[in-house]
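Shared between the two complexes below is chain A, which has chain B as its partner in the first and chain C in the second.
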Partner chain A sequence: MNMSTIADWVNDRAGLAPLKELAQKKEVPLHRHSLWYYFGGMTLFLFFIQVGTGILLLLYYRPSAENAFESVQFIMTEVQFGWLIRSIHSWSANLMIATMFIHMFSAFLMKAYRPPREFTWISGSLLLVIVLAFGFSGYLLPWNKLAFFATKVGTDIAGVVPGIGDFLLRFLRGGDEVTGATLTRFFGFHVAVLPALITAILFIHLLLVQRQGMSVPPSLEGKALKKMKFVPNFLLRDLMGWLIALGALAALSAIFPWELGEKADPFASAPAGIKPEWFFMFMFQTLKFIPAKIGPIDGEVLGVLAFGAGGLFWFLVPFLDRKTAQGKPSRGFTVIGIILLVYIVGMTIIGYTQ
Partner chain B sequence: MTLSLVLLFLVMVSKAQKDVTPSGSNQPIPTPASEKDSCLECHKEMGDQLAAPVTAMEEDVHKKRGLSCANCHGGDPTSDDPTLAMSPAKGFIARPKPVEVARFCGKCHSDAEFMKRFNPAQRVDQETEYNSSVHGKRIKQGDAKPATCISCHGAHGIREVNNPNAPVFALNVAQTCGQCHANAEYMKSYGIPTDQLHKYNQSVHAEALIKKQDLSAPTCNDCHGNHGAAPPGVASVSNVCGTCHARQAELFDKSPHKTPFEAADMAGCVVCHQNHQILTPADNMLGVGEKSVCTSCHTEDAGFQGSQKMGELIVGLNHHINQTEDLLNRVAITGMEVSRPMFDLKEARDKLINARVLIHNFSPSAIETAVNQGMDISKKANQAGQDALSELQFRRKGLAASLIIILLAVAAIYLKIRQVERRAL
Partner chain C sequence: MEKTNTPLTTRRNFIDYFLGTSLGATLVATFYPIFKFLVPPQIAESTESSVVAAKVSELKPNSGKIFKFGSKPGIIVKTPTGEIRAFSATCTHLDCTVQYQEGTQQIWCACHNGRYDMAGKNVAGPPPRPLEQFTVNVRGDEIIVSKG
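Showing the complex of A and B:
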């Protein structure tokens, strides 16, 4: 039985012909910004790495305040290649968030959110929120000192949201303080709730991308552009990128294994200079710069509200940028995107150098 | 009606007097602090030396508890006439002689009933203790120079012992004793050394108490007593040290040194550790080297060999633990997870500390057992460090191999892309 016979056999039963047709038809436009197309696929690849390594970690991880730290220690010292799996999971998580930010800003600056891709943008924004929640919940799971206090600070910030702050804080912590209950809860979010959400939304996001094809920047729209077949030309290039990413992950994991630190001690005082993960640093640093009181309102509350409003603005960009929707140049939104990018990078650098 | 009011007033006055009158005192103290106090009124106006006690009293613990001049000095503070106010007939004592001071303070401080009202846990044996001290005995013999209550506590402006500004607060005790004991001129007639303060300041105890502000560390009164201050005798030295260093004292009492030391009038702990200049003990106090304290008695005998063996064992374990610690620190810097052996090594250090304590029994075999326990743990931790280093090498080689495979795969895909695109042209 040769390969084509097997393919025919499967096709007769599963009806894969439309998929084959889609794969053969799918093309990628070639222009000076084509490089940015690779970051979506790269994010997807790193996500699959996360799923694979996450499942392997689940074989040994124990989600309780008494056992979590020791189980991660066991993974790193006793389990064959456990150190590699845990380091790859941690490094890949961070690289995935980085490539996701790049993918998002390239989509923003190339105005890929304009009609008819509003839903693609919104689903992508939701994916970012979910991935940040993955990062926040996963950070606590080793139950080490830094993660413990970072979670305390992070959930404190959630607690200042007007109206629902108290509820949000108790919902996240499973009580008034960060305890074993918080760990168990974060574990549940990390391995059940968030994976279910991301699977559904990722499916919609990818479906929409296939339906609508690749967006080209408005300045190139309507021009005769060269195209590359997705299968195999673009896919092979994707594969090259993924392999290089895999090499980078292996190198980072072997040369800079992800540290475990000291076990969390709820009775110890917070270590000096506690910092959140790098992808929350720009928000953390902004809150530090805001004065304690602005008029009658608490500075922190105002900061949290401002970030909420900013997030909503970002989410609704396809409906706010009317000029792009009408096919006109929209320099204002390009400037907003660049300012935001510079702001995030700048605040992150300040956060780490202060 | 008028008669009733007068009677009520008299009852209240007599009750107020009773509240501040020590039961054992022959001279009732007439004036509570809240009423007229001609002592304060006059002395305030007098200025200089005569006003100084009034100013000092502002911070005094007695004043804070409602007492005033007449409660100690007697007299009649309700009278504005100095002759009546300071009348000896009313129990006035201007300045007690040194020999009278202990009784002067003891009027109240030896009265359990009276003191209980201010502090139910207050000791009342200070006067008795003082009378048993070298200071108290000499004072009774007519020597006016030894310390009395006021030499250490001050006369006016007396602060509670837990007040950091009090001369008897733990951190200040050595300086307070040193006012006399470090004054060679003052102490000349007694023929005792005056270098105790200097030596104490170099000691491990002073380092803990004064530099590290560890108030549980001992100062003069912890070994000599405070009110009953006396040098501990040869027989009681190990008891004195043993109040804190209980295990060492217990081991020493069972050791072969106890009896010959006492027979030779050698004060236990002091023989090796000195008294005031007790330095941080070091491993080189063992063995047969230059700083060995054993070789000052033992030369070429079984004790000499035992000291040599114990020194080698302790130094050997310490050296091994330090080496292992260096190794684990180096490994940890590379990012390898070695927190468990690092934790285990702490237990090896505990065993080393235990072995150092066991020295006080002077039994090489007991030391060997303790050292071997520590050595086993240290060796395992060392092996874990070595394994982590080998693992690191393995990872680096694995990484190199993986990267080569990945590079080859990337190159193969690149060639495939070229092939596909050439075919398409």
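Showing the complex of A and C:
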């Protein structure tokens, strides 16, 4: 039996013609911004690494306040290559969030959200929320000191949302305090609820991208652009990028294995120099700058409301940017994107240098 | 839509209504228990209203110590003049656990650099309220902390 008989056999049963056609038709426009096209695929690649290493870690991890820290310690010290798998999981999570941010901001600045891609943008925004929830829930799982306090602060922030705050706080913590119940809950989110959600939404996101093809920045739209076949030419370039990411990941994990820290102790003071993960740093730093009281309102309530409003704005951008939707240049939104980028980067730097 | 009362439309209306409400009822019946399941049960707060928090002899002047008050951390502070005070150790900002800083003689929260003075009053940083103060009684060598 040769390859083509196998292919025919499968094709007779599964009807793969449309897929083949899609693969042959898909083209990537080439222009001076083409570089940014790689980051979506790279995020996807890192996500697959997360799935793989996550499943591996699941074989040894034990989700309880008594055992979690020790089981991670066991993975790091006893299990063969356990340190490597855990380090890759942590590093890849961070790189994935970084590439996701790059992908998002490049899509924003190139106005890729304009019709008919509103849904693609919204599904992408949902993916952002889910990925951050992955990061937040995963951070607690090793049950170390930093994670314990990060979770206290994070869930308390959810608790100041007016109206539903109390419910949210108890829902997230699985009680009134951060305890083993919280850990079990976050574990459930991290390995069951969020994976289910992300699979569904990622599927929609990718389907839409395939349907609509690659977006071209408005300034280049309508011009005659060189195109490259996705299969195999662009795909090979993508693979190159993935290989580079894999190399970076391996190097980072081997040279800077992810630390475990000290076991969480609910009856210890928050350690000096406590910081959140870098992707929450800009919010953390903002909360530090807001004074305790602004008029009669607690500063943190105001901060949380502002972040909520900002998030909603980001979500609805395709509908708010009327100019881009009508095919006109929209400087305003470019400026907003750049200000936001500068704000996030700036606050992050301040957070780390202070 | 125009309302006609031919038997057919009424029957159809009835069926629509019947199916619609049963669908709604089924959804509610399905999701209500799920929703309720997700909300953790209220665990009775520990009824402990007073605990032996520390020994007088182990506390130096100008120092602090975290102790367990039921399921929550509390902090005892011995002022440089030897006075003993006790507070909830949960920061009123975003819930981190505070600590006593000998250098500044303040209660300090590492999370966002919140500061309280030795009376538990919020004096700097983001905390919006003073720390909850507990009553301190010394019986022999034991420091007994109670609520209220």
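Rule of thumb we're sticking to: the second predicted complex is superposed on the first by the 354 of 354 C-alpha atoms of A that agree within 3 Å, B and C clash if a C-alpha of one lies under 4 Å from a C-alpha of the other, contacts with A are read in each partner's own complex, and residues count from 1 in each chain.
What we mean here is this: a contact is a pair of C-beta atoms (placed from the backbone, for glycine too) under 8 Å apart; a residue touches a chain by one contact, two chains touch by 3 or more.
Here the structure is a predicted model, which means the values were calculated and not measured.
A.B. asks: Output check: A:A270 vs chain B and chain C. Expected answer is one of first, second, both, neither. What do you get?
C.D. replies: So A:A270 only meets chain C here.
A.B. asks: Return first, second, both or neither, reflecting whether A:E177 touches chain B, chain C, both chains, or no partner chain.
C.D. replies: It touches chain C, and chain B stays clear.
A.B. asks: Please indicate which partner A:L287 is in contact with in the superposed arrangement: first for chain B, second for chain C, both, or neither.
C.D. replies: second
A.B. asks: Between chain B (first) and chain C (second), which, if any, makes contact with A:A306: first, second, both or neither?
C.D. replies: A:A306 sits against neither chain B nor chain C.
A.B. asks: Name the contact category of A:A325: first (chain B only), second (chain C only), both, or neither.
C.D. replies: Touch partners of A:A325: none, neither chain B nor chain C.
A.B. asks: What is the contact status of A:P257 with respect to chain B (first) and chain C (second): first, second, both, or neither?
C.D. replies: First partner only, chain B.
A.B. asks: In the superposed model, which partner reaches more residues of chain A, chain B or chain C?
C.D. replies: Here the partner covering more residues of chain A is C.
A.B. asks: Of the two partner chains, chain B (first) and chain C (second), which one does A:L236 touch, if any: first, second, both, or neither?
C.D. replies: Touch partner of A:L236: chain B, not chain C.
A.B. asks: For A:K152 in the superposed arrangement: first (chain B), second (chain C), both or neither?
C.D. replies: Touch status of A:K152: second partner only.
A.B. asks: Could you please specify the touching residues of chain A with respect to chain C in the complex?
C.D. replies: Against chain C, the touching part of chain A is residues 149, 152-153, 155-157, 167, 170-171, 173-177, 179, 181, 266-274, 284, 287-288, 290-293, 298-300.
A.B. asks: Which residues of chain B touch chain A in the complex?
C.D. replies: My answer: residues 335-337, 339-340, 395-396, 398-399, 402-403, 406-407, 409-410, 413-414, 416-417, 420-421.
A.B. asks: Spell out the part of chain A that touches chain B in their complex, as residue ranges.
C.D. replies: Residue positions touching the partner: 73, 76-77, 83-84, 232-233, 236-237, 239-240, 243-244, 246-247, 250-251, 254-257, 259-260, 262.
A.B. asks: Considering only the defined contacts, which chain C positions touch chain A in the complex?
C.D. replies: So the residues of chain C in touch with chain A come to 38-40, 43, 66-68, 71-73, 89, 91, 93-99, 109-113, 122, 125-128.
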